[in-house]
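See structure below.
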Amino acid sequence: MNLDDIKDILELVREHDLAEFELERDGLKVRIRKAGREYVLAGTAPAAAPVAAPVAAPAPAPVPAAAVVVDEGVPLAVIKAPIVGTLYRSAEPGAKPFVEVGTAVTKGQVLCIIEAMKLMNEIECECDGEIAAVYVENGQPVQFGDRLFAVKVG
Amino acid sequence: MFNKILIANRGEIALRIICACREMGIKTVAVYSEADEHSLHVRFADEDVCIGPARSADSYLSVPAIISAAEITGADAIHPGYGFLSESAYLAEVCEACHIKFIGPDPNVIRLLGDKARARRAMKKAGVPILPGSDGPVQGEENAIKVARELGFPLIIKAVAGGGGRGMRIVRNVEELPGLVKTAMREAEAAFGLGDVYLERYVESPRHIEIQVMGDHHGNVVHLGERECSVQRRHQKLIEEAPSAALTEKQRRKLGATVVEAARAVQYSNAGTFEFLLDATGNFYFLEVNTRLQVEHPVTEFITGIDIVKEQIRVAAGEKLSVRQGDIEFRGHAIECRVNAEDPEVFTPSPGLITAYSVPGGPGVRVDSFVHSDCTVSPYYDSLIAKVITYGRDRHEAIARMTRTLEMTVIEGIKTSIPLHLKILNDPDFVAARYNTSFMERFMPPARNAAKGPLAESA
Amino acid sequence: MFNKILIANRGEIALRIICACREMGIKTVAVYSEADEHSLHVRFADEDVCIGPARSADSYLSVPAIISAAEITGADAIHPGYGFLSESAYLAEVCEACHIKFIGPDPNVIRLLGDKARARRAMKKAGVPILPGSDGPVQGEENAIKVARELGFPLIIKAVAGGGGRGMRIVRNVEELPGLVKTAMREAEAAFGLGDVYLERYVESPRHIEIQVMGDHHGNVVHLGERECSVQRRHQKLIEEAPSAALTEKQRRKLGATVVEAARAVQYSNAGTFEFLLDATGNFYFLEVNTRLQVEHPVTEFITGIDIVKEQIRVAAGEKLSVRQGDIEFRGHAIECRVNAEDPEVFTPSPGLITAYSVPGGPGVRVDSFVHSDCTVSPYYDSLIAKVITYGRDRHEAIARMTRTLEMTVIEGIKTSIPLHLKILNDPDFVAARYNTSFMERFMPPARNAAKGPLAESA
Amino acid sequence: MNLDDIKDILELVREHDLAEFELERDGLKVRIRKAGREYVLAGTAPAAAPVAAPVAAPAPAPVPAAAVVVDEGVPLAVIKAPIVGTLYRSAEPGAKPFVEVGTAVTKGQVLCIIEAMKLMNEIECECDGEIAAVYVENGQPVQFGDRLFAVKVG
């Protein structure tokens, strides 16, 4: 799948005036939603990657890139869980949450804590902007890749 | 008994453990990387947790991710399967600290037997035959030469923290020793973060024999007989069988008793495998202990009728072994072929979409697999896609059954090692059980065959 | 030994026989109807012959087509499997005339045991317990009433040429006797072309117990223990197991010895099954002999380790049985579920395209099937698509294993009986082995449940 | 699949100017070859037939209908083997074959013999015409449905 393929698909989608188009095959996933508010285009597999050694030396996991979603012309960054664990929205029990919808945030600001193996991992914001959505509740277990917050970039 | 077990693995072994848990009425938690979202082990576990991206180091090898997954799901035990973290004393320790039961030996036992030099000493003390060797890391060139002269040539340099052939070198004369020691140390340092190596007498073309043991926390240890795994390609076992045609009943009993004694001496609990080299004159030499479930455990299950995974879970929960040595009967013969997604001639991996999949039934056939029609074999992990195990009243029947089973197996869309297995099964030396760890050399492609590298043992 | 065997059957049993032949190095010929062109038994036989259109009567039931196929391919033996022509004395005779070996008993033995009244007499003579009965066809109304009064009620009317419940009626009092005899005779005449019926005492809700025998042409006969097949729906067995929880070791030995004696008395060779009813007070009564391989033979293979199909081929070729009675050991417990392509609640057939198919592995699981992903289950034939057989150290383990195996089986695109099997496996009475041939009544849909018809026995 | 479906397929084939079209699904097979000499349209499965009793009483097998093929505008009838056996082209060894290419034939005329279970089964012609092709050799084993002869109908 390359850019031309995607262009062709989009052309087809336009031509047929589709609302949604989804293609999933061999670890590749394309989803296009037309005539609406949200466009997502995400590739989930590197095309024919060279075979990785089955047991590689440990290395820190890269935090998954925030998916960028276009909402009414304003780019939205979705912050996802980089680790498995229990999520806390505030620094300590009973304290005020780090952020709420509408809170203005800056890059590097702590949005929540995920506890894993008794360690409190601070999850930082990856861009400047304003919290547009909160997908999680205090004390909730989160898996790798779960959506935590949406930030209106700006 | 446990209420919920987290399975820190993927593929066929994750499914195998789910089977055992379901039979025991225990709930299961699957963990998976993003690449395994649609895997059967995720489908058939009661709960599932995504623990990271495709790369093993960030998912299946991540102790924090696994422990967190156990904590958020309330699992009270972790089964590590084989590979990945199955021999991680660290995971076992963290489990202990978190009050989660690690289904395997105690961390100190894993640590002891994971250090090849310490394991050697412990086995020697317990009366297990070991190869003459340096009894500890070599200290500089002069010491190495002195030890080597005492041992005689050929000898082998091995990494203390070793495994998988890395940090290993065969030495044929004293001249090449200093250079090879340096290379091996560099390799060991790079691979394991520890450059220590030791010397051991080298056995030419041995047979690979291993003894399955099971211990509980009440001091009971039994052995479940041996498996022969001499059909190897670069430390990768291709075919395993039980019993071994190379052992007499007397040798079996004696070796079994020695191993049980040694396991008891190190307070071994849960499942483990003691690996030995058998030389051309009938002597056994200790190689290493695998402190975990083995890929080839089904051949032992076939000839003993014992479910090793269920037994592991029982003893980890504090129960006694369900069998005593006297109850264990060996009946018939079993063979396992490891079907890999790889080119059967040049051994390059062949991941991709399986477009058709079918395996025949009939008596004496077991297939442990995680693949199916329309499933994608991921390039990120081990190439093992199915273990085909056959059982017969004798070795002849088990081989005939394996041959027809593989001939009637349909796997389309990717290449598999089945054609290579069929060649081996038809080989007159294999049929006559006249083989050792050099056996596979004749099946190697010419280019690779010529390539240098430490041959045989381990895996 | 034979050079080439023609398999006069289709589906899983054709594949099962191909497996046995391949293990013995014997070539195979598949026959198929136009509807089965793409079946696996055609793919895996060495040769194949199209013998007719989809309709069984014009293909799998056509003796001329089968014999011609054997002749044009030069097959020296025919294995009839089960169903179709497997109990056709005529096919066995034609084979004899054409110098093709029929893999089954001699035609005169098939004929004797296929006639229910003659078989009864032969068994009585051989000392096998039989139900009190009319010892021959009833002759008119007066004779019927006289015999019935001697036997007492309830009693059952059976067709001499019977099978599958046709021509059978249960009679509860003398008033309804004449009418029911007439109905049964009409039904028998229509179904078998022979209206003769006989009377027998009727056993309420018996257990169905059968003994597997094997004989050779050298006078050797052995039994391979019993199977219990009481879980039936309208004469169709749904679940079979071995051993039966209803037999004591003493009863097993005694019944086995009786059957071996009777089989020897009629010069029985090859595989056969002696079916019995077991009443609530522990008495056995002869029901019939199936002079062929049985659908449920795998449960016996699991507990004895004997390959019944290979043994059939060996004795048909004139070899001696490979085992003597003293060599046969029963170990563990096995259960079979017949997975049908049918609605699990109303039992209507559900042929069609299978879009996904996957069966789990693990220890003690055997799946004999001919289906796979993207295969079409034909509406023309039997709805059996897979036999799932599990083995355990005891009945409890075998049931737990069956449950997890069926829960982890994926068959999409058609409906199957798996949900019904799971309901049965979870039933407390089934788990406690407290069941008989009336067991399935509670699982029947209300409408059907009320429908009249002869219940229990046979199949 | 009904006549309308076939019309639609033919329309599509025309529209896209296809040379060949093949569809195989659930026992149904449609093959269309355009711009050429030969049209074959054959259904191999009765659509959703009621389930047949697995073991029906024996009845004589209907001889499979001769497939009709259109060759250069002249209809060809293909005679297929109605039974398995050994085919003989003449009444006895050494005798002249019943028919050859070019032989004029009438309905009911014997075309060959198929031996099955020592019985000699005469295979008769199903229409008047002329033998256009012979697909089998003397002494050859034939399976059910094998093509034996083509007859130019006329």
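We just call them A, B, C and D in the order they show up, numbering each chain from 1.
To be clear about the criterion, a residue touches a chain if its C-beta (ideal position, glycine included) is under 8 Å from a C-beta of that chain, and two chains touch if they have at least 3 such contacts.
A quick note: this is a predicted structure, and the numbers were derived from the prediction, not measured.
Enquirer: In angstrom, rounded to a whole number, how far apart do the mean CA points of chain A and chain B lie?
Expert: 39
Enquirer: Using CA atom averages as chain centres, what separation in Å is found between chain B and chain D?
Expert: 59
Enquirer: Report, in whole Å, the distance between the mean C-alpha point of chain B and the mean C-alpha point of chain C.
Expert: Computed from C-alpha means, the inter-chain centre distance equals 43 Å.
Enquirer: Linking chains that touch, what shape results: line, ring, star, complete or other?
Expert: line
Enquirer: Provide the full list of chain pairs in touch.
Expert: A-B, B-C, C-D
Enquirer: In the complex of these two chains, what residues of chain C are touching chain D?
Expert: 34-35, 49-59, 61-65, 67-69, 71-73, 83-84, 94, 98, 349, 351-353, 376, 378-382
Enquirer: So in the complex, the part of chain C that touches chain B is made up of which residues?
Expert: 12, 15-16, 18-20, 22-25, 40, 44, 298, 301-302, 305-307, 331-332, 356-358, 360-369, 372-374, 387, 393, 397, 400-401, 403-405, 407-408, 410
Enquirer: Spell out the part of chain A that touches chain B in their complex, as residue ranges.
Expert: Touching chain B: residues 26-27, 44-45, 48-52, 54-62, 64, 83-86, 115-117, 119, 141-146 of chain A.
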